[in-house]
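First the structure, then my questions, so here it is.
Naming follows writing order (A, B and C), and every chain is counted from residue 1.
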Amino acid sequence: MRLSTSAIALVVGLLINHGALASELPQRWVSAGGALSEWVVALGGEPKLVGVDTTSQHPATLKTLPSIGYQRQLSAEGILSLRPQVLAGTEEMGPPPVLAQIRSAGVQVEMFSAQPDLQALKSNLEQLGTLLGKEAEARALFGDYEQALQRQKNRLVKIQATRQAPGVLLLVGNAGGKPLVAGRDTAADWMLRQAGGHNLATHTGYKPFSAESLAGLSPQVLVFADRALTGEAARAALFKENPILASTPAAKQGRVLEVDPTLLVGGLGPRLPQNLEVLSAGFYPTLSEATP
Amino acid sequence: MTTLVKPRTLFIGLTLLCGLATWLSLALGPVSLPLWDTLRAALRLMGLPIDAHGLEQAELILGQIRLPRTLLGLAVGGVLALSGVAMQGLFRNPLADPGLVGVSSGAALGAAVAIVGSAFLGGLPDVFGPYVLSLCAFAGGLGVTALVYRLGRRDGQTHVATMLLAGIALTALSGSAVGLFTYLADDATLRTLTFWNLGSLNGASYSRLWPLLLVTAGVALWLPRRAKALNALLLGESEASHLGVDVEGLKRELVFCTALGVGAAVAAAGMIGFVGLVVPHLVRLLAGPDHRVLLPASVLAGASLLLCADLVARLALAPAELPIGIVTAFIGAPFFLYLLLRGRA
Amino acid sequence: MLRVEGVQVRRDRKVVLADITLDLLPGEVLGVLGPNGAGKSTLLSTLSGELQADQGNVWLDQQALSAWSGVQRAQRLAVLPQTSTLDFAFRVEEVVGMGRLPHQTGKTRDEQIIAAALQAADVGHLSGRNYLALSGGERQRVHLARVLAQLWPGEAGQTLLLDEPTSMLDPLHQHTILQAIRAFADRGAAVLVILHDLNLAARYCDRMLLLEQGRPYALGTPTQVLQPEIVKAVFGLEVLVQPHPERGHPLVIAR
């Protein structure tokens, strides 16, 4: 079969156009904000990343990239030395004069929202999709996310028909010491509620906990995140540094769950839905698992 | 007795050092610019008609980022060193530091109020944002110093020993107030506060630079005129008075210059320590305690030291940046220990 | 010329100095002595303007002391305190050079005066040395050179007040220094010097003032003042008074 020259020309033309479009998309990316960087990677943008901030630790391959430091204390020249075309970050990026300097150097500074809600995530993914040329994938990712959250909601509705939401506290610590309790308006709070827990903390933001107030709260489940340690070591350190926790119903019944602290920074990230499942399982163990 | 460096030799050496530090600060950075480009961009900035082709990046980096930063470093280093000399003269003690009159802790308090307060208010509009922090820090520094000065005055005289104690007390008080603000701050605000406390020349811009340049020029031109009186003050307040020095007026000037200078420096660049303590010491070791040499030499030495520290801050962890207060502490603290161990400086 | 009239000084409601009336005459060395706490240093502080008298007046050259501007006063009146707290490594000649601060005589003349003052205080050989490396006695003499430089060469109309300038000096230097001070007075300056040693005072002073509990007990020539009863009354010491074999001034010998 002979391909007509026009057909070849059309195909070639489409290919060239696609290539041209691709080359109009920014190729060199610097990303600031853990969750944001994860979404960039999820949309296949990792090859384009030339630098990330210190909160971008997932996936582990990001750690091999040049570090631009803490996202609130960026260095204009440092970032410019990576010759990026785009600097992506949330409103947590700063300081503002540095961002202005980077903009005036011709770098596209793209702002995303770090609010922990679905609407923000939707517009973030749309924006990312456009910038990466992966609009369809972005829509798909969001769709999946929404569905996962919906499934979670449905599960909760069923469970909560017969069982009460457990009182929960989420503590963020460093090698067990000086833990902060997550209050309202935090990503942690969003997670706890989505997982079907009742956050006993009534304050806003993160606050150090006092032993007395803890005694008054009696959480049935404790969730902890440690910046320095993981697993058994973290759990042991937490109870060693804060013996008062041992007297909580949660500790007595062994209902102490761990979450990855990087989930709590920079808005909603891609790994949240699976972690929600894990949390829910911890909040509502099957009847045969519940201790008498 | 250790031979001292002659004033002329010292000034030539320090001027060369300062010039070298300035040049390195302009020529080096995370973005590697070809030297030829840097030179041409510099000449263009000075107004010479040089072909702009291919120089856009160099002009931007040099003109918008490195030059204001270098100027900031020169001014901050110079004024902090001068304030160190002033305080060591006021307290007649070579271990005195500008922070003794409370200006540093007051500025830290002002900054804490601004950072935490604006977070509480949901963030101020950007146009005021950077200025609010500087103004609050400056106001805090001046306010606490004024209070310390007031507490040290009795019967129309300023009692330096009382001022010292008042400074210590108010520093402690400011510290606990900052602690309170730290408690009220959320995680993100806390990190902003921490970074401010470590100091940085980052984000320097011409608009925020000129108040500091004015203050530095003012203090640097004024204090050397009181050099001989400062020398006499070292003999003792009554001895200086017997030599015809207006001691009360001089003390007032020293406190005022320090409050103004350090307040402006801290407002522009956060807390940078050790420069006010270490630089006058170094210069005295080299050239003796005569203020006619000490004051101008300290300006040059302080400016050079800070620019060198900033080079380390910018390059050590590039593309990230070390807070400069860490670098000056790393250099300053061991040096200070060395001075103490060596005995009398 | 310094003139004091009816001066009284109180500290916390306690009278530490009272009924002081005296003239410091040009060319005269007036020695002030008395037991500890008698008010000698208070008197000197009042004369130098550092302390404000609660009653009475102090005049410097027909004008109230407080009315003089700092610089003009410093050109006429120099004070050597008992101790110095200078803690910085100046060179000896830099310390002496501070004495020239009230004047505008220019570098060359200043250097000549500094050299001469160093010689007069017998510390010429210490020129170029680090002040902090000197002994207590050497430091004292450097400060004396400083106040001499302040009023150099010494003439009528200038006043020098010294608070125990010989306290840290060995016997030889005690005399050398007082001879320098004497020479200063001989050129016309009025000098008041606080001393502890009765015999030194007897030899070098034209007049002596004995203070006792803040009040003048005796004022006159050494011969008039150094009487055994007076010495006993003021110092509580039993003494013999004999004339010096060679010089004739009173010599006080404890019994």
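Going forward, a contact is a pair of C-beta atoms (placed from the backbone, for glycine too) under 8 Å apart; a residue touches a chain by one contact, two chains touch by 3 or more.
Computed from a prediction, not measured in an experiment: that's the story for all the values here.
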{"item": "Contact graph of the chains (line, ring, star, complete, other)", "value": "line"}
{"item": "Chain occupying the middle, per Cα centroid", "value": "B"}
{"item": "Farthest-lying chain, centroid of Cα atoms versus that of subunit A", "value": "C"}
{"item": "Whole-Å gap separating subunit A and subunit C, where each centre is the average of the chain's CA atoms", "value": "82"}
{"item": "Interchain centroid distance [CA atoms averaged], subunit B/subunit C, Å", "value": "45"}
{"item": "Between subunit A and subunit B, centroid-to-centroid distance (C-alpha), Å", "value": "40"}
{"item": "Set of subunit C residues in contact with two or more other chains", "value": "none"}
{"item": "List of subunit B residues in touch with subunit A within their complex", "value": "29-32, 57, 60-61, 64-66, 126, 129-130, 183, 186-188, 191-192, 195, 200, 202-205, 208, 314, 317-321, 323"}
{"item": "Subunit C-touching residues of subunit B, taken from the complex the two chains share", "value": "1, 92-94, 228-229, 231-232, 234-236, 238-239, 241-246, 284, 288-290, 344"}
{"item": "In the complex, subunit C residues that touch subunit B", "value": "48-50, 69-75, 77-79, 81, 84-91, 94-95, 98-99, 101-102, 128-130, 132-133, 150"}
{"item": "Subunit B-facing residues of subunit A, complex", "value": "51, 54, 66-70, 72-82, 92, 94-98, 100-101, 104-105, 180, 205-206, 208"}
